[in-house]
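Two complexes follow with chain A in common, the first pairing it with chain B and the second with chain C.
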Partner chain A sequence: MALWAAPDAPAVLGDGARREALRAMLLAWADDELILGHRHSEWTGVAPDIESDVALSSIAQDELGHARLLYEQAAAEGQSPDRLAFGRRPEAFRNATLVERENGDWASTIVRIWLYDHADAARLAVLADSPLGSFAALARTLGREEKYHRLFADAWLERLARAGDDSRGRVQAALDALWREALAVFEPSPGEEALLAAGALVAGAAEQAVRWASAVVPRLEALGLRVPPERDVPVGGGRSGRHTPALAALLDEMTSVSRSDPEARW
Partner chain B sequence: MNLAEITPGADHVFAVFRQETKADTHVHVGDVHAPDAEMALVLAKEQFARRDPCVNLWVVRYADIAATPYGDADMLEPSTDKSYRFGGSYREQQRVYRRR
Partner chain C sequence: MTARAKPSPAPPVDTGAVLRALAEVEDPELPIAITEMGLVHAVSVRGGAVRVELLPTFSGCPALEVIRDRVRRRVAALPGIQTVDVAFVFEPAWTVGRITEAGRARLREHGVSVPRAGLAEPATCPHCGSTNTVLENPFGPTLCRAIYYCRDCRNPVERFKPSSDEPLAQGR
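For the complex of A and B:
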């Protein structure tokens, strides 16, 4: 699938700079999906019930599939999507630090998938409105599965938040710990202004963050949860390659098979 | 005989019915554990709709299903020759119906 070769691409993307900016955006997105997909897969076999175990494992596979589609577009000419996924050092990854954090307890896992998948929805909505028809189509493809991810996350979050003091306390603690990193999902990728100026992107990361917050804050409050007081101050760095030690450990495990024979074809 | 026996302790088990196309009937494909119907549907989707496509899912709490007792299964068996009643034509009817 060569979206860059679509007939409408040159008119909207013009010179190489805008093309590179869009690639950078897709790479960061692919990294988010790959790393969170891997974290979800760590629950396989040990989730609280067998049904949620199967569901979250399936969601993990969806996210890896999305990462693959996005890496194919983010890859430079002749570059393999597999090498992008398995052949980079931690500092070359552009995922938000939110997704690399260790899973913690189930409440923390649910709060993260909820925050992230609603952020992903804001991002997908913008890509779906892209004047580039082929990219809008890609957004619709990813969006179909993301709808279920939000359904799963919504259902779990609502029940955990209403299940009593211990459960709600864990959800609140996770929200306090993750909120500012969730905001940093909306750190803009380099060259975003050029895409906005050219109309290749209908809303930038800052605008997406506002839309996301206006969707999620009322829902959290309706569940009796408290949005952290420093609600507007993101804790980021992931989009420029500054990660926590958790990412290096994750990559070390995730790439152990591909490192055993980097030239193997799968 | 106790007709309409309710399965005891089945408040958190839901039977899942899957409909392959709109022209098909819903078929019982298995069960999920869930605290309520909404969660049962959310979980049923990945258990029973992730491999082959389908168009619709139903969940029914076991506690809401009234059943005949297995102890009285002989009631459902004809004791004299009723082959003139066998419903082969119903299956043919279903096959014709599905083509539409």
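For the complex of A and C:
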């Protein structure tokens, strides 16, 4: 049963094609939040300190709640959030491959959440500025809440980058490994050009990527970190369903309870 | 021939009756009514059809479904109700300013500090009243609470942390 008020049907969405394009975009974002939320939850109980343990568990809860909300607001008739989260094969997911990667070490976890949450802020800001009624309100809500994710990630990135050679080396290695996949968070979803042409969005994924890079690159450089070569070439595929084996393994674990009794009511 | 007395119809429900019923619905995470927390945004009544719009503290709060179900059950128990529609809305944003005075007192007794005006003001210790407090963790036992430490009475302090553009007080 729906938790949120039914979304607006703003005139600018007009025909079915634009509604479908918005739906595709929001479902991809929801998949990002669900999968990364699950990865964060893997730190529960084993993070390096109790504060980070509580923080990542809370951030995981936020991301799962946001996934649920986005699934509900974007779903077609008859698609439930649970079905979307637990009832799809890996190739039906549209999350960026960045978020499905195994957590790796703490530096890699921090670099990923930092890159991702700043990317999420860049795309939410565009939706928040749109003439899309309740969808813009939704983006403002998520943006306010996720500010706390960025505070956590900013503080840890700085701490690790300034903590000596081993620590800085691990951060740099994570950045080298993840940067181009982070850039692919901005692979556009199908139909984006129709939303832009109608004025439903003021900036597409390509422009969002530029805004993101201009926010994050100077901060990395100020910390003495180096943005990898080929910094403008994304390594993607997730938005068209091409994933790494890590996603299938994650889904296998995440859906094990729901698969044990698909008809169960919670 | 005498007309048979018709059973008197239930008095029509009005907004006030719905709000009084909502004042009996407790928040699942705190000993306070949802009306005292300021979670109720709007109530409308048309005949036997009631719609209640609620505000979340955080949209990912796992208590939202429990709150929705409690509201639906409580309102449906009023006489003359045919349908109850309960939904959360995104705006206006919930702020600590929505908590009533009675609610603040109750939360203080429970050990939760509530900022008066904004998040940037120093956290007040609900145990001893000191503002000699320091932020320990922006994340706490629930999404809507941060953890401070009181340097005077040396107790941990939970403090409300609405989603906001304001910075959190760091303390000394």
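Methods note: the second predicted complex is superposed on the first by the 257 of 266 C-alpha atoms of A that agree within 3 Å, B and C clash if a C-alpha of one lies under 4 Å from a C-alpha of the other, contacts with A are read in each partner's own complex, and residues count from 1 in each chain.
Here is the rule we use: contacts are C-beta pairs under 8 Å (C-beta built on N, C-alpha and C of every residue); 3 or more make two chains touch, one makes a residue touch a chain.
Everything numeric here is computed off the predicted structure, so don't read it as measured data.
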When chain B and chain C are modelled together on chain A, clash or fit: clash
Partner touching more residues of chain A, whether chain B or chain C: C
First (chain B), second (chain C), both or neither touched by A:S58: both
First (chain B), second (chain C), both or neither touched by A:F86: neither
Which superposed partner A:L3 touches (first chain B, second chain C, both, neither): second
Chain B versus chain C as contact partner of A:L142, first or second or both or neither: second
Contacts of A:F152 with chain B and chain C, given as first, second, both or neither: both
Touched partner set for A:H66, first chain B, second chain C, both or neither: second
Chain B/chain C common contact set on chain A: 51, 54-55, 58-59, 148, 151-152
Contact set on chain B toward chain A in their complex: 32-35, 38-39, 42-43, 45-47, 50
Residues on chain C engaged by chain A in the complex (per definition of touch): 53, 58-62, 64-65, 68, 87-91, 93, 136-140, 143, 161, 163-165
Residues of chain A touching chain B in the complex: 49-52, 54-55, 58-59, 148, 151-152, 155, 159
In the complex with chain C, residue positions of chain A that touch it: 2-6, 51, 54-55, 57-59, 61-66, 68-69, 134, 137-138, 140-142, 144-145, 147-148, 151-152
